[in-house]
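Next, two complexes with chain A in common: one pairs it with chain B, the other with chain C.
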Partner chain A sequence: MFKKFLALPYALFMLLFVLLPLVLILVFAFIDATDGSFDLVANFQELAKENALGKVIKNSIIAGFSTGALCLIIGYPIAYFLTKKEFNKKGVMIGLFLAPMWVNFLLRMMATKAVFNVLGIKLGMGAVIFGLTYEFLPFMIMPLYNTLLKIDKSFIEGAGDLGATPTKAFWKVTVPLSMPGVLSGLTMVLIPSVTTFAVTEIMSNGKMMLLGDFIYSLKADSLNMAAAISFVLLLFMIASMLISNKYDKDDGKGGKLW
Partner chain B sequence: MVRKIVVKTFIAAVLILLYLPIVWMIVFSFTGTTSFSSWGGFTFDNYINLFTGNGANADKIQEALLNTLFVGFFVSLLSTVLGTLGAIGLHAIHSKKIKTAYSTVNQIPMINSEIVTAIALALVFNLFSATFKISDGSWGATAFKLILAQTSFCAPYVLLNVLPRLQKSDNKIYEAALDLGCTPAKALFKVVLPDILPGIVVGALLSFTLSIDDFVITKVNVTSFETLSTLLYGLKNGKHPLPADIRALFTIIFFIVFALMMILYSPRKKSAKD
Partner chain C sequence: MEKNNDYIIQLQGLVKKYGDKTVVKGINLNIKEGEFVTFLGPSGCGKTTTLRMIAGFELPTEGKVLFDGKDIAGLPPYKRPVNTVFQKYALFPHLNVFNNIAFGLKLKKIKVDFVKKNGEKAVKMVKLKDFLVDPASGKPDFSIANGDYYSYVDKGYIKLRKIKKTVDKMTKKGKVKKVVNGYKYYIDEKVRRALKIVGLSDYETRNVDSLSGGQQQRVAIARAIVNEPKVLLLDEPLGALDLKMRQEMQLELKEMHRTLGITFIYVTHDQEEALTMSDTVVVMKDGEICQEGTPIDIYNEPKTAYVADFIGESNILDGVMIDDYRVNIVGAEFACVDSGFGQNAPVDTVIRPEDIEIKKVGKGQLEGVIKSSMFRGVHYEMLCDCNGYEFTIHSTVESPVGSKVGLYVAPENIQIMTKEHIDNTVEVTFTSNTTFDLYGGEYEFDPTALFEDCSYDADQDVLTIAGGEYTLKGEKAKVNFAFTDIDMTDDEYAAPLAGNVDSMIYKGKNYIVDIKTDDNHHVYADTQYLWDKGDRVGIKIYKFGLVECQLIGKKEDGNV
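What follows is the complex of A and B.
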């Protein structure tokens, strides 16, 4: 009995600083800042009036999908080959690919910008996508690697025994079985990449904004409008959480803790 | 054979791209030039300046370093206490509903966009300072606010590192200690804590690293409080993004974080094997 009460401080803290903040987003998204009244549409109407928003959304879609695609195209082969012992002795290689996650992302971006300056590479959309791919590649490799590692090798051997060429076995067995990893990799790249703040600013010399930078810029004028757009992002986040949780259950022995 | 060479080249090429900017910075931390393009001769001056306080950004660096370490220490402490107690409590709870509730709430700070978390925290701090009439702005109040904000996304990581240790440990020893006359609190300290200590240490180090790494939550929630991240951000508009003494500072931090990660990941690999 005594032990159970030890969870109380944690529960209380999470209630105050994780759940209550989310509830406040929901509340403030629908409160009109000018008169403090409840209004379902006021903040969203104000948002629609922002001239910058259209361009921000367009840029976010371009940058987000390009980053997601690049991370997948580079990350999938990396994760796939690293599950083979010949390329990843003692798991050192996978460690090297995940380690950049732990270097401050601003530092990596500033260093990349400095290197781009030296090499004479122009800053702009291309540089932004490079920066985002740089930042999020480990987040794609990690779930892919975990999923690929768990695939039962006998399925692939079975496909071979039944006459499939290695290429065919890869496309017909390995790829479909790794879909949960692809999905959770995309979850960890798509929304987070368009909502990062500062990468775009650094890699485009302040000329471009993605959703994250836009929300930050709103914060100064109106927390209510920032809450409104955060609310929309939250809906996307919940949707992607539900989708990847569904696949997590299907795969059974995933990293579930309880 | 050809396949092997192609694969190895591909892996090497991506690794080089990933590490090029960092290696470039480390190399140029041993020269005094402002830009990354020209080499101005090998020197340890950038490092010496850090310790003597003579670099171009010396005052800012000192302030940022102290603030970051102060906040990081207390975030780590608070997250470790909350997360460890939370894990012990949660492990003893058998209700499926409560467990699901915890695991869902735990996922939120990990999956949520940082900027959304930051705005959400800003709303909650506004509410608190309005309700309790807290006058914001002093160094102490700012640091306290930042510690609470960062703990909200660090504590779940502690809980997630401690819980698997608890699931592996044998509850019968704790019960035996109670049977032999231990108070629950004493049994906890003498039996349970030593058993889960590795998980606690990993959680504490992880919280510290996450705290010193944080930028978005800091930038949105506190003003006029320099941390290492905000210091970097402040340099973004310069023609040469990373001045000499900043390169030396972050080279040192890079190697400290690198060493921390080696410590963090080696015990995990062992536990993965058994």
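What follows is the complex of A and C.
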């Protein structure tokens, strides 16, 4: 009986800071700002009229997918070699790769911007994608590293024994077995990268907006519209979680992040 | 290079070192084609490492692995004509049963000779799944499409999916004989046959995770044999199964070996498994082969006490060869069939529990009292005390506990072997006149007891031995100490040298313990107490004898 009470602070915290905000988003998303009445569509209709939104969504899709793809392309080989003992003696290398996470991301972005300015690189979409990749790469490496580390060496040996060259074994065994890590990594990169703010503002000199910046810009004058768009994003997030969970069965064979 | 076609696998001077630890110490072994060979030994004896060197997962530090007379020691695993069944199965969790088994076949390429449209001859490496097969002969057929197929080959269009439609069309038009594609023929058929051999037909689409341990092991075996390797390597394949399943699989494996006719190399620590299945058993210890032979030879004629102890149950006792054909064991004289040991030579003797016959008092060679009796199914297992030594006896007739009996052993049932070690003989380096370094531990000794005609000077820094004056520091000598002059202690720091108990043999009254020091030296001790394998012990030594010492370090004047 006593043990149940130990969960109380946690439950209270969840209620106040996770559940309540979510409910508020829901409530605000379906309340008409003009008369305060319940309206299923009003805010979404209002959103559709917003001219900037189309461009924001387009930018978000381009930036999100480019960031996801880049993180995967850069992160996979890094994670793969980090699992090799000869490259990662005593886990030092993984520490080095994850070290940027310890520095505040605003500081990192400011510094990157300064470097770009010195080098004369134009700020804009390219710079934003660079910034996002830089920002989210560790979130891709972590789950990939964990998954790859847990793949039993005997699978690779088995593949070699059955006639697969190391390259073949990599594509036919390592890659499929690391899919949970890839999915985890993508979930950790895709949605957060389009909903982040400040990175875009800094790396594009305030000329570009992603969904996160858009919500941030809305919040002052229309809490309801911001809630509505957050609600849509929430749906996307849930969908991506469901997809990744479907492939992310914890069978003890491959690793996963959560 | 010796080439012998009778042997499919030859291991020549195979050595494997990890850092400065030698795991396999020069193994020589010839394996005949079609043989069922088992490497048997306790964990850490190097049997799995040897197997992994044959499979190609480990590269030998020294030595050769000959396959059909050719050295394959440097080849990577995927180029070797052997397949492995792993202890933990290593089935690919992302593939179903069919695809697990087909994994090797899909990768397999064969050399195909074919004639191009222009009459030119060509050779191509073609994947099994990428060509057509004449169902009548079962052979790949490149003449079937009257040139149409050639052109596809020339263009490199040998992917099945692409040619399938064309072939179907041509078949309809009557242009070609009915064909079966290679994928269907080779892979489908072979996978199905392999599944049938392991008794898992209809399991093709099952997820490997949904199978029981025994079924997974069968899939693993199917996955290996489907490639028709010349040699199948099995690394403790039944280790994870329960007893009943294990016994069933033993019989099935033996049957598979008979029907497939390929060479099996099997690794196990289970002596019963080794005896049941093998044609040849190779008993290993510490990276070396102790004995190889048929299961019957190994059981009946163990060469060393270690082998006798490891294989089956046995009474291992110290004996003394009185003369040829006469041996004294625990104070009683027995007739035996061995000769050539010399007179009064100390020997190890082995008597299997089922070879001891219980007689009336006075009718046997030895008298004893039954101490305990246990019913073990087919027989009773009785412990009999004779002159303070304990004998294990298996008999279908029970003698009551406490009764006095006579024991009789037929001459041919006493196995006699030379003692591997009579005492410990070690080279030591003196660190002072009263201490020396033995395997890294500093022991004190009494020089007056070690050297004949020896005396100290007043402050003990000069020894007078046979009239000459010496300082011993830095000198080397060979000393020996008896098994009984050693004490083992729980507290490793209470003794100059420590080690781990590596193995022990019960001698009816006492145990002979093999202690492995941290530098992999062996020290043998005689003890009353039962230690466990792996126990950390300190080694105290009380008395040394001198085997050999050439003293050159004569003390010079003024040298302190």
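The criterion applied here is as follows: the second predicted complex is superposed on the first by the 246 of 258 C-alpha atoms of A that agree within 3 Å, B and C clash if a C-alpha of one lies under 4 Å from a C-alpha of the other, contacts with A are read in each partner's own complex, and residues count from 1 in each chain.
Keep in mind that, in the parts below, a contact is a pair of C-beta atoms (placed from the backbone, for glycine too) under 8 Å apart; a residue touches a chain by one contact, two chains touch by 3 or more.
Keep in mind it's a predicted model, so treat the numbers as computed, not measured.
A.B. asks: After the overlay on chain A, what do you see for chain B versus chain C, clash or fit?
C.D. replies: Aligned through their shared chain, the two binders fit side by side on chain A.
A.B. asks: Who contacts more of chain A, chain B or chain C?
C.D. replies: The larger set of chain A residues in touch belongs to B.
A.B. asks: At the Cα centre of chain A, what angle separates the centres of chain B and chain C, to the nearest 10 degrees?
C.D. replies: 90
A.B. asks: Which of the two partners, first being chain B and second being chain C, lies in contact with A:223: first, second, both, or neither?
C.D. replies: first
A.B. asks: With the two complexes superposed on chain A, say which partner A:158 touches: chain B (first), chain C (second), both, or neither.
C.D. replies: Touch status of A:158: second partner only.
A.B. asks: Give me, in Å and rounded to a whole number, the least C-alpha distance separating chain B from chain C in the superposition.
C.D. replies: 17
A.B. asks: Which residues of chain B touch chain A once you look at their complex with the stated criterion?
C.D. replies: Residues 4, 7-8, 10-11, 14-15, 17-22, 24-25, 35-37, 81-83, 85-86, 88-93, 99, 102-103, 105-109, 111-117, 119-124, 126-127, 148-149, 151-152, 155-156, 159-160, 163-164, 184-185, 188, 209, 213, 215-216, 219-220, 228-229, 232-233, 235-237, 240-242, 250, 253-254, 257-258, 261, 265, 269.
A.B. asks: Sort out for me which residues of chain C touch chain A in the complex.
C.D. replies: Where chain C meets chain A, its residues are 55-57, 76-78, 82-84, 86, 88, 90-94, 103-104, 107-108, 209, 223-224, 227.
A.B. asks: For chain A, which residues are in contact with chain C within the complex?
C.D. replies: These residues of chain A touch chain C: 152, 154-155, 157-166, 168, 172-173, 176-177, 179, 251, 253-254.
A.B. asks: What does chain A use to touch chain B in their complex?
C.D. replies: The touching residues are 2-11, 13-14, 16-22, 24-25, 28, 74, 77-78, 81-82, 86-87, 91, 93, 95-97, 99-100, 102-108, 110-115, 117-118, 134, 137, 187, 191-192, 195-198, 201-202, 206, 211-212, 215-216, 219, 223, 226-227, 230, 233-234, 237, 240-241, 257-258.
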